[in-house]
């Protein structure tokens, strides 16, 4: 009988381990001054160092070290007073030196943790994920496999190598084993990666784009019978390219392992590849023997010994933990989860907060950024923040609040600012956008509307309030949209004895 | 009159005084190479065109009255382990045959900027692994003193070029003695600067924590002039020392050792050294005493383990450094017939492209670093390195400089040790401790061994970053020896034109 | 007893990506055994209380500013390539994965 996920986790206890690779967003590479921009023409961002040419030597990018320490601090790690780079020796064509400059037994950050909250059957629950180490290394080049029938590596006739990515700084964040998550293992993993991504984004150290590979997750999992106290053999799943995939891959892998165990088969310690379409994993090429990486201290580099002063300076730069901040702002703004999530996903929390700090009314600040400005940004395929400054948005909102602009007029002001017509004040001036608030001027328009539609006026007098819409529309049209619709309604109803 | 037999300092003065042009001086050296290098095989590549162009540029600048570096227009030979843009650079290996680097090593860039005229690239043991040039994939270099003997190695081509007047100056590299040993065997001056004193950027790595670039010259002053030209901090080399370069030219000219304490290393004297070598060393010590120095004896008990530690550390680092030669991006590719995978082609290329000694050291290094053996071999060797450093520290507490013979014997016959790796390794016994500790050392020619008439080298060592001290002692001793003999040591070398 | 066997050498040769014939393996095993016999003396004095030295200079924190400098051109980068195509290094099929 095949076990489904529920059955699997009723019988077996999963133990997790997660390795996350993050590409830092430094301008230049880890050990040389080549650019790191994504998408450049092949082999145009390479030099003797990152091509591994004979004689070339590495020099550490100080910004990358700083970013790594920041990550360590944000994950509650100790920063090692002495750490070193080491060479990890193995041959692979996408690795120009046939060793990866990495860190081995002397990583830069150790012993941290991250608390993640997930929804369980008993309500929200916090799991502590302990971090073993955070270390630095360099990325490899990219290979393209040409020819062959399947397009996969095995069928390729030859391979083409582009080393633009070789040497881009990578930070590897390794958890300790995560026991006791039970059936929530996939959710804990997803929540961990999500929260890690948010932290990295808040630190500004990485683009954290899983789909571009700047954030990559390898998920390890093993199973043991519940209550056995044993630790099973683990598999490592690679190629997990989205948050959703983290959850799916683990769910699938737990099911697969449980069914193997049920059938009396053993779990092979191996690397598996996640298949996005099916949600299953397939085995990687099994290694004939365990690799022997022959790590030794990198003799071309000197140790990294951050002093307490430097570490404290960096600690002072740490932004508020995104999860804490989210809770705080949500409370302050009094918004539902769904809207908060929208703001986070649209990366608008910062600007909204800033706009509010500039005096804007909180609800309007959220609505304008998430609504009209995001809509315009979508049309232009740019980030909302690139269209308009928080100062201008706050100014416009202030005018709405004071009644000087209607929402409709405000939209025109935003459009004008976005089109480069100047500041909100200049746009209002040039386009003549000011609310018509003079009662007598409005009354003229209202009377004209009543005169034009006497039947409608009569119905309103008779108590048919919804019919007022037609007359209000006519007044608005007559005033070129510059009247405050609420005001028009108020005057109109009063005039017709319904006020 | 200025000619190929002049010192580099003399050439520099004559060039500055416009008594000779850089082009003429370069042509004289190219002619000399053309007439004698067939016998010596010191050069792997002679860049006549590039050298003449460089010389012309220097002459043009001088004609315009531009301020030039002290060595502008003086020719030089460069060991084929330094990358030079567009010029074949092989490190003596088949695996790099035909490779033309797209960049200059820092030392080559400094030479070019100083207007030093690069004549070509010199022969060496493959990837600097060897003490005789017999491990070169392109044939052995002969010693100008006796063509049946080796000039030493690994920088044997550079040493032979300077000793045979093909070039007044040369660049070498020294990982375990590869500058000092060939200098001693060919009767010239060779210096291994303090580790980090000269940039390693663009120097094809053998053993990164031991490799150091250094100068060859026929006199102490010439060597100092070149030392100052190539030394200094380089931001491309993380292990480069960021401090002022020691004043080695001034030290070479000082000619005074009064009050200096010269430490004789007990473990590097007496038995195990050829009698004629020991005799010349003793004679030098007497001259130094006569010049006002004091001799003290020091003991370095851990030096006897240095050789063993070296033959673990260097191969370990080399096994990693040489991994990049895999035929994917540059160099030789063997067996790519469309049916083989990258892994097979890599292995076939490395089998075909590396010589025997290189393979031996790669396998040895792979073993010493492998899991389960690391602590016993590589780890233990690093501890010996600590002990050697401590030995030097206590010795330098008693003496300003330390001295020893450079080599146990004078130049040996080609083929004599080529089938016995351990015997070959022993020729580095006195030079290796210097590399282990990272300090600087000089090989100074101090006469000929009585029994074979071949040159003997004295090694003078100074503490880290005190390279000026051995120039001071070397310069003083050189002057004393010259006044004793009445002529430079190289004038005793047999005429290459008549040697067969 | 030999410290190193022919199989050991075969394993090392594979790790180091150097193809070797059976004869070479035998020969290398004998030589390595000799050399290891000579170099293992380091263990005589390498006691636990002695710290290792992996570098002659005690320097630390040598960093570069995060500033982009010009790279090689595509042509320069590929200038030494045994084979190239589509602005990339062309290499025999890569059999392993990741």
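Letters A, B and C name the chains as they come in the text, with residue numbers starting at 1 for each one.
Convention: contacts are C-beta pairs under 8 Å (C-beta built on N, C-alpha and C of every residue); 3 or more make two chains touch, one makes a residue touch a chain.
Everything numeric here is computed off the predicted structure, so don't read it as measured data.
Trainee: Does A-C or B-C have the larger number of C-beta pairs in contact?
Mentor: Between the chain pairs A-C and B-C, B-C carries more contacts.
Trainee: Report the most central chain, judged by the distance from each chain's C-alpha mean to the global C-alpha mean.
Mentor: Answer for the innermost chain: C.
Trainee: Taking each chain's centre as its mean C-alpha position, how far apart are chain A and chain B in Å?
Mentor: 56
Trainee: Between chain A and chain C, what's the gap in Å when you average each chain's C-alpha atoms?
Mentor: The mean C-alpha positions of chain A and chain C differ by 39 Å.
Trainee: Distance between chain B and chain C based on Cα centroids, please, to the nearest Å.
Mentor: The computed centroid separation for chain B versus chain C comes out at 24 Å.
Trainee: What are the residues of chain A that contact at least two other chains?
Mentor: Counting only residues that touch two or more other chains, chain A contributes 47-48, 51, 53, 59-60, 91, 93, 157, 159, 161, 292, 294, 296, 299, 301-302.
Trainee: In chain B, what residues contact two or more other chains?
Mentor: 99, 101-103, 209, 235, 238-239, 319, 323, 326, 328-330, 338, 342-343, 346, 366, 370 - these are the residues of chain B that touch more than one other chain.
Trainee: Which chain C residues sit where two or more other chains touch them?
Mentor: Within chain C, the residues that touch at least two other chains are 15, 17, 54-55, 57, 59, 62, 64, 72, 77, 80, 89, 91-96.
Trainee: Show me the residue ranges of chain A that touch chain C in the complex, using the header's touch definition.
Mentor: Residue positions touching the partner: 26-28, 33-35, 41-48, 51, 53, 59-65, 82, 91-94, 143-146, 148, 153-154, 156-163, 238, 271, 273, 284-285, 289, 292, 294, 296-297, 299, 301-306.
Trainee: Hey, which residues of chain B end up touching chain A in the complex?
Mentor: 82-83, 89, 91, 96, 99, 101-103, 105, 200-205, 207-209, 235-239, 316-317, 319-320, 323-326, 328-330, 338, 342-343, 346, 366, 369-371, 374, 378
Trainee: Given the complex with chain C, which residues does chain B contribute to the contact?
Mentor: Listed in rising order, the residues of chain B that touch chain C are 99-103, 195-196, 209, 235, 238-239, 241, 302, 305, 308-309, 311-312, 319, 323, 326-333, 336, 338, 340-348, 350-351, 354, 359-360, 362-364, 366-367, 370, 376-377, 379-387, 389, 421-422, 436-439, 464.
Trainee: Note which residues of chain C are touching chain A in the complex, please.
Mentor: 11, 15, 17, 54-55, 57, 59-69, 71-74, 77-78, 80, 85-98
Trainee: Touching chain B in the complex: which residues of chain A?
Mentor: Touch residues, chain A against chain B: 47-48, 51-60, 87, 89, 91, 93, 96-99, 157, 159, 161, 292, 294-296, 299-302.
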